[in-house]
Structure formats: C-alpha cells, structure tokens
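In what follows, a structure is listed as structure tokens, so that the remarks can point back to it.
By written order: A, B, C, D, E and F. Residues from 1 in each chain.
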C-alpha cells in the first residue's frame, strides 16, 4: 500500500478549479493503488473512455473527492 | 490534468437554482477530464440520454456535487 | 445549463416530509437537465419503474439530495 | 410529488435502532414516490430480495439515509 | 420494519476497529431488513462472496456506515 | 465480525498521503470481512484489476473512506 513516491503533501489549493483538479488526481490514484501496472491501465483506457456509464462513474468518484478537497479549503470562501 | 482554460473561480452562487446548475457543470467537467474529445462525447450522448439507468447515475453525480455547492453557500439560508 | 424557468428558490421547508419531496424534485431535475425532452422521458418511464435495480438507484439519489435538504433545515430540530 | 398522507413529521428518534428503522422507511418511500403502484412493487419483490447485488444496493440506500437520521439526532450521544 | 430484537443501543465504540466492525453490522442489518429469511441469505452467500464487484459494493456500504460511526465517535481523537 | 487481530488503532496520520493509504486499507478490510478466504481473494484479483468499471468502483470506496480519514485529521490543515 505504501509507495516510495510522495505525491500528496496538502489538500489546500489556491482556487476551486485547482481543487477540482486535485480531486481528479485523487481519483486516479485510487485506481493506481489497485492496478499499479501502467501497461494494463493504458490498455483499459480506450474502452473505458468511450463507455458512457464508465465516464459517469468516473465523474462520481471525482465528485466525492471534490467534497473532501472543498471542505478542506473551507469552500474557498473569501 | 491541468487545463489552460479557467472555468471555476468560485462555488458561491446567488440562488440555490444557480447552485444546482453549477453542480451540473461540475458533473460534466468530471466527464470531460476523463474524455476530453468533444467528438466522442457527442457520439456517446444519444445512447446515454435514452438509457434510464445512465440518467439516474448522472442525476446522482449532480446530487453529490450539489451537496458541495450547497454547503459552500451555507444552504442559501437567509 | 441555464433555464429561463425558476424552479428552486429555497431549500427551506416547513416539515421533513416536504423536505423529502423537495429531494425528489431535485432528483428529477438532475435527470431533466441531462435529458430535457419530455417525450423521451415519458417513453423511458415504464421500463424504469418496473426495474427493481433502477428503483433502488432512484431512491439512492433521493437519499443523497435529502441529506442536503435536511442539513439546510438543521434537520427540522425544534 | 406531494401526497395527502402524512408519514414523516420528525427525524428525531429515541434510540439508534429506531433511527435505523426510520432510515429504512425513508429508503422505501424513495422507491414508492417513483413507483406508487403497490401491485407492481409486490411483483418486483421476489426477484429483488433474492438478488445479492440488489440487496447490497438497498443496504447502501439505508446507509445513506441513516447518515442523515444519525446527524439529526446528534448520533444519540448521551 | 420494527423488530422485537434489540441489536443497536449506541454508536459509541472504544476503538476505531470496533467502530469499523459496527459499520459491518449496520451494513448486514440493512440487508436483513430487506431479506429477513436466513435460508435465502445463506443460499445467496457463495455466489456473492466470489463476485469481485459484489465484494466492492459491500465494502462501499461499510465505508458509508463507517463515516456515520466515526463521526459519532468524534473520530476517536484523543 | 470480530477478529482477534488488531489492525486499526487510530485514524490520525502524519500526512494526507498516509491518510489516503489508510483509506485504501479500510477499503480492503471491508472486502476481507465479507470474503475472509485469501485464496478466493487472490483468485478474484486478476479479473478484477483488468476491469475498468471494477477499478472505478474500487476508487470510489477509497474516496469515501478518504472523506472519513481526512475529516478525522481536520484535513491536515496547518
């Protein structure tokens, strides 16, 4: 489970858009921890990205991670 | 993951309805980050929009994003 | 995404039951934004409403939206 | 969406178990608003209750509604 | 929906691990309320426990219930 | 449900990345409580890890558990 690479040091971002992009990173990392082989992930990608249901499911994971990042940033309220 | 275009500068909206529409934007952006090709997205749309389960799944992503936007706006309490 | 019609001006309701009904409205709106054609929605309805899994999925979207509405109303605590 | 019957007047329950049972009521109501015909629901039940995935999905809706009820009751902390 | 048996008197646990185990209990109870017949549940179990997607779905319900139990316990912060 | 092994004593982690890795541990534990046989889990793994939808579903469970761990750690705000 542990990885030697450091990829996440903070949930704080300057803008909501950067927060949304962090949510996408978190979603992809969740996949990579289960399937670490980049060759297999690359092979899965085409079918995946043309499957409407799979795209919606991916968007759902992003939405859940965005809840976390947005709360961490107090919703970027000014 | 990063994009040169700025599309999200704030989660604050004037009304709950605008907040709901922002939740829809967030849901669609989650899809676009996974499948950025507009031609493929356009091709997927018809099957998608006539599939009852896919529509419910889309509504679920909107609901999750609306939780985030509503919390950011303190639920538009007066 | 924007619509000329105003359908959501507040998340505050007098009772939890009205809040639950608002959650249903939000769930249906999430579908309508993706598939605005009432004819197609009407056509999808019969299959949908007799599919146990689809009904559970619909109930799940309502549950997520009810979380938002209930929080907005401080859970109607007296 | 509105119904003449009053079925939900409060989210407050005496015990967590009653709260869990209220979460089940909310989950079933979410289904009934989409499919109000008791004959069709009765017909769907056998297949449904012997389908492992459908049972897990039902349990998930209960879990989401239980989050709402538990928060409303401040988790029944003494 | 009501049951004569008392199975849930508190969401408070001594440790996070006990909290996680309570989340599993809650997830199983959600299934039992929908399908109370232990014979049918027993029959469903083998197929279920060897289906990767079903196992992930079960883990998701546990995760949702664990959110509730963890919040109830203030995350067991010392 | 109970296990003699102690595997979870705290939700507090030093960094968000360690928190994410804890979320993965929680997600796997959720599976293990349903299917404790390591031989069957090993047998399921190949099909699982090459199924794009299953990988997204796994990532979703991680996202839900990460919400819990992140809240427990006050989002590692400094």
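Rule of thumb we're sticking to: a contact is a pair of C-beta atoms (placed from the backbone, for glycine too) under 8 Å apart; a residue touches a chain by one contact, two chains touch by 3 or more.
Everything numeric in this text was worked out from a predicted model, so none of it was measured.
Shared contact partners of subunit D and subunit E are absent.
Shared contact partners of subunit A and subunit E, listed by label: F. Note: Cα superposition of subunit C onto subunit D, rotation of 60 degrees, nearest 5. Interface subunit A/subunit B: under half of the residue numbers present appear on both copies, so the contact uses mostly different residues. Computed from the mean C-alpha positions, the centre of subunit B lies at a distance of 27 Å from the centre of subunit D.
Between the CA-based centres of subunit E and subunit F the separation comes to 16 Å, rounded to the whole angstrom. For subunit F, the set of residues that touch two or more other chains comprises 48, 53, 57-58, 60, 64, 67, 71. Taken as a graph of touching chains, this assembly is arranged as a ring, one closed cycle with exactly two partners per chain. One ring covers every chain here, and the order obtained by setting off from subunit A toward subunit B is A, B, C, D, E, F. Contact residues of subunit F toward subunit E in the complex are 1-3, 6-12, 26-31, 33-35, 40, 43-44, 47-48, 51, 53-54, 57-58, 60-61, 64-65, 67-68, 71-72.
Only residues 15-17, 20-21, 24-25, 48-50, 52-53, 55-60, 62-64, 66-67, 70-71, 75-77 of subunit A touch subunit B when the two sit together in their complex.
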